[in-house]
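Pasting a structure below so you can have a look.
Labels run A, B, C and D following the written order; every chain starts at residue 1.
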Amino acid sequence: MSKPRFGAGIWHFATYVDRYATDGYGPPVSLIEAIDKAGQVGELSVVDLNYPFVDPKLSLDAVEVALKRNNLGVIGITPEIYTREFAKGAFTNPDPGVRRRANELINDAANVVRRFGADYVKLWPGQDGWDYPFQVDHHKLWRMSMDGVGELASQNPDLKFVIEYKPREPRVHMSYDSVARTLLGIEKIGLPNIGILLDFGHSLYGGESPADAAQLAIDHGRLFGMDVNDNMRGWDDDMVAGTVHPIELFEFFHVLRKNKWDGVWQLDQFPFREDSVTAARMAIDFLKVIDRALDKLDFEALQAAQDRQDALEALRLAQAALYSSY
Amino acid sequence: MSKPRFGAGIWHFATYVDRYATDGYGPPVSLIEAIDKAGQVGELSVVDLNYPFVDPKLSLDAVEVALKRNNLGVIGITPEIYTREFAKGAFTNPDPGVRRRANELINDAANVVRRFGADYVKLWPGQDGWDYPFQVDHHKLWRMSMDGVGELASQNPDLKFVIEYKPREPRVHMSYDSVARTLLGIEKIGLPNIGILLDFGHSLYGGESPADAAQLAIDHGRLFGMDVNDNMRGWDDDMVAGTVHPIELFEFFHVLRKNKWDGVWQLDQFPFREDSVTAARMAIDFLKVIDRALDKLDFEALQAAQDRQDALEALRLAQAALYSSY
Amino acid sequence: MSKPRFGAGIWHFATYVDRYATDGYGPPVSLIEAIDKAGQVGELSVVDLNYPFVDPKLSLDAVEVALKRNNLGVIGITPEIYTREFAKGAFTNPDPGVRRRANELINDAANVVRRFGADYVKLWPGQDGWDYPFQVDHHKLWRMSMDGVGELASQNPDLKFVIEYKPREPRVHMSYDSVARTLLGIEKIGLPNIGILLDFGHSLYGGESPADAAQLAIDHGRLFGMDVNDNMRGWDDDMVAGTVHPIELFEFFHVLRKNKWDGVWQLDQFPFREDSVTAARMAIDFLKVIDRALDKLDFEALQAAQDRQDALEALRLAQAALYSSY
Amino acid sequence: MSKPRFGAGIWHFATYVDRYATDGYGPPVSLIEAIDKAGQVGELSVVDLNYPFVDPKLSLDAVEVALKRNNLGVIGITPEIYTREFAKGAFTNPDPGVRRRANELINDAANVVRRFGADYVKLWPGQDGWDYPFQVDHHKLWRMSMDGVGELASQNPDLKFVIEYKPREPRVHMSYDSVARTLLGIEKIGLPNIGILLDFGHSLYGGESPADAAQLAIDHGRLFGMDVNDNMRGWDDDMVAGTVHPIELFEFFHVLRKNKWDGVWQLDQFPFREDSVTAARMAIDFLKVIDRALDKLDFEALQAAQDRQDALEALRLAQAALYSSY
């Protein structure tokens, strides 16, 4: 195999607020500064950019200059459909005017995808869902979830749209909550240019096996992208990849290699209290451990063990490869 | 609406073992005794029977006599595809001979369905799945999960098969783990006589909204049955329905009534340390509270609140109905 | 029993940001506006105030005027030991200078407690803990957690300090994570003026029985305060009290009444997408349902059932009282 | 450091039943056979024995012979206080007669401890707790939990008693549910011969950091024993140690070595569908990886990183040691 290409969501290099540290976990970082930090990692080929930019005066040309000097391409554009205006949803907002503006914003983002020659528009409908029992008509809500995405895909047949599902947060329950629900919706919509961006951590804390989720999306021809991080299985902690669940991360990449999936290995981490450049390097260092372990792993013997569903032999092979690949 | 008909899995009236109390939570109860206990509840119209019977000498005729004297019909037959022989799976067992025997056993159960005029064969593939990372080839496992069910449905086009999905237990992860995954599989199989039996507790502890899950299954035309119980959201505790999560149970039944779903309200409870007849009556007493609350609930006002996604008003209406219906 | 007095954290009436809706879930609300909203609820006797105030020019006198015109007293002061400066901890910050400033800030808050005649300084050390395996020396961290609180209690023997424990958020793991850990620390510190503020939701999502947690704190003479809300058992959702888990809320208040605990019934809710005044009223309406249900509940019969550990009879009594008290 | 000594609960080598596979996950294994299997592992020095033996005719002498020929000592005796008779609790059973029989059974077990020169009587009160809200009087229940253990420790001042806490199962909630609760109870009882047996998996799925739990028990002078296994953080899966959460297992052993804790490294695994001897060897192979990694780990540099709470540097050191120690 050729070496993996690495990428990151540009927010990895921002600072964050939450409901307690409302003054932020550090001084604000501008988009240009964040791009320069991404460059400092020295390992990244592409980034995913939020749109619109925090600074509305920042031009696409200025962003392009910053990207070029850091040798960074753009893999995707993530329209911000989860800010105040969309607090009650983008595709499923009860107000049709807000749904319309979400559609317009995403169409704008689609143009930025074209401008940068990116791979896809990334849809992360974090505010689409519900909080309370009895709050929504589940039939209508799911209908709107599918219609909103389907309309975009129809309007932009030349582009790919990826849905990044997640169980919850900020909504107590998100509509696109799992790999199976998202595939069910995509199959119902029935358009070829809608796929899944599989976030390892979302899958993990949703109780899925990320390896199984990846295989399912691949089997449906819908694994258009992925990113990695880690968590404690109960929340989307967006910790540094590999620091808590290395075995399941290894299994995830094993499935990707076995299926000859050759997309970018992206990071979606939120290093609240850590240096963002160091956090990215640390994750990539571990991803290289995994890459070496995959080179060492005896795929044939593993397949034979899996065909017998022999957990102990399968894990013995995996451990032998992983714990000798630092 | 007419009054609901109640049912129960016959195991509700058995005694249980687990990995600690290997001598059981009480003296063994024979199937005939369990049927008589079901009759003592005084509220049940139908039962779901495991097959084969624990006592291999017990005849179908003897069972029928016991059912008749208790005025009980049979809603479904649950073949025991989760005992020692199937410890590594029924549909997905690595041994093709075991897969064959699972098929034969379920075909036998299909004949019992015909014999008793029951509604369906219930498939609960609790041993089909995996325990460890790296243990299985997820592509093959899911393929076998679908093939096993599809073969049965093809062999018995006159009967309905229902899949009771569940996140886990006894397997660490079950193949049919969620409503969306199960629907995705059913749609792929593509036969009309496969549906879902939605267990409220499985849905709840899987992180679903049971009301949303019911709506989704209905929208796909696949809600063939359901049963209720309760738990602490982290495990399939099979506690008495309504004792812990009455609001979500109420929302679940609201969705059923709104969609004019008129199947049996079944119990799937495991009263380990309680009297089983009392536990069934207590659940049914609360289901009657819910039924009265549904009669009181202002469906139009609720729909209007849900169309605005107004959680507080929707819940106010639900609370007003529920807390005055004892 | 006399009627309960109600209170609320003043943040209930603010607007919120999170890591996604960084522009907030609504326009900012000043402290004075928040106090006026608290007054509009028409049911609140006291509020808990964050300190320092968001607007540093706001005087204590101005706050007092606003409180008076809304007939509100102050039950506690919550020093903001979880903002940027304290992102790596207040009591356990690795920087002794930051620990010193935390101590000073809380001593300032103690003076505000005296100024308003409030009941306690509330310590919510949300940033004290760890995120990653291997990150901290657990011996030293816990030592610092106890020392920081003990120093404050020694410096201010005339005042009460309450610790509001919580499993996690914003830290991946908080030092004061549970009722038992907090009591263990308090007993070790060994001072009489440190107690617990029991947040129902923190207890619930930490896997405790809030009723058991309350009893334990009472038995140690340390239940100095409490507040209520609701969640889905997996996160501190701070939803409207009673909307999801009414039974456990009822059991919690049963324990309080049985022990003749007569403190304020406070709200700690974050109505991100709801009107804050309506959300407070809705919670209080339900707390009144519970209060009426407690009046109806047969305490003697319940005690007899509990002495037999007869879950079904105990719950039957609870249901009879609760579902007829709207 | 000298090399670790390994041990195992003898049940590791039994077969299991659960509520579904009531015919067991394999043919029954006698105690003598289980001891011979323990011997076949070739790495075990001690075992923990359940008492009374399944076969009541089996003599202590016969057991001793089997142990000797396998070079096995006895580390502890686990009285079976969780079978049918104790289904509603041992120490907290509502029936005083059952509580008395529990005391007698454990006193019998104490004599077996003396007979074999074992280290302790192990108390695992899995049936002591509650299932439902409102079921118990929490004050009385906790009182009985402490009194039952305290009485035993007073009756047998020459012996050590260890409490193995666990969040739940088979009870929906166990009284001794966490390290802090158990320490709080032990301190209240106030006797020197009661300690904790820390099960890594119980700690993990209870939301604790096992490393922190170990440190806390050590700081209270109460870490009398430990055992390891793994799970998916949501249930006591008793999987092979190290297969899912190697990092936290490594941190756990780092804390033990740092504190010079030199007890036995025990296994508490339930290999339902795996060969038990292979499962034990696989765990021990990984524990040896950890032991080598501890030899390599730079304790001083790690302490410096922890003193700064520098998660990334601390983890870098841990990863460097672990992933090169196969």
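Keep this in mind: a contact is a pair of C-beta atoms (placed from the backbone, for glycine too) under 8 Å apart; a residue touches a chain by one contact, two chains touch by 3 or more.
From a predicted model like this one, the values you see are computed outputs, not experimental measurements.
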| item | value |
| --- | --- |
| Steps needed, at minimum, to go from subunit B to subunit D via contacts | 1 |
| Which of C-D and A-C has more C-beta pairs touching across its chains | C-D |
| Interchain centroid distance [CA atoms averaged], subunit B/subunit C, Å | 39 |
| Approximate Å spacing (C-alpha centroids) for the pair subunit A, subunit C | 35 |
| Where subunit C touches two or more other chains, by residue | 88, 131-133, 207, 232, 234, 240, 243-244, 247-248, 273, 311, 315 |
| Residues of subunit D defined as touching subunit C within the complex | 88-89, 94, 130-140, 142, 167, 173, 177-178, 180-181, 183-184, 187, 206-207, 209, 211-212, 215-216, 219, 247-248, 250-251, 254-255, 302-303, 306-311, 314-315, 317-318 |
| Subunit B residues touching subunit D - in the complex, by the definition given at the top | 16-26, 82-84, 87-88, 126-127, 131-133, 168-170, 172, 232, 234-235, 237, 239-240, 243-244, 270, 272-273 |
| Touching residues (chain side subunit B, partner subunit C) in the complex | 207, 232-234, 240, 242-248, 273-275, 278-279, 282, 285-286, 289, 311-312, 315-316, 319-320, 322-326 |
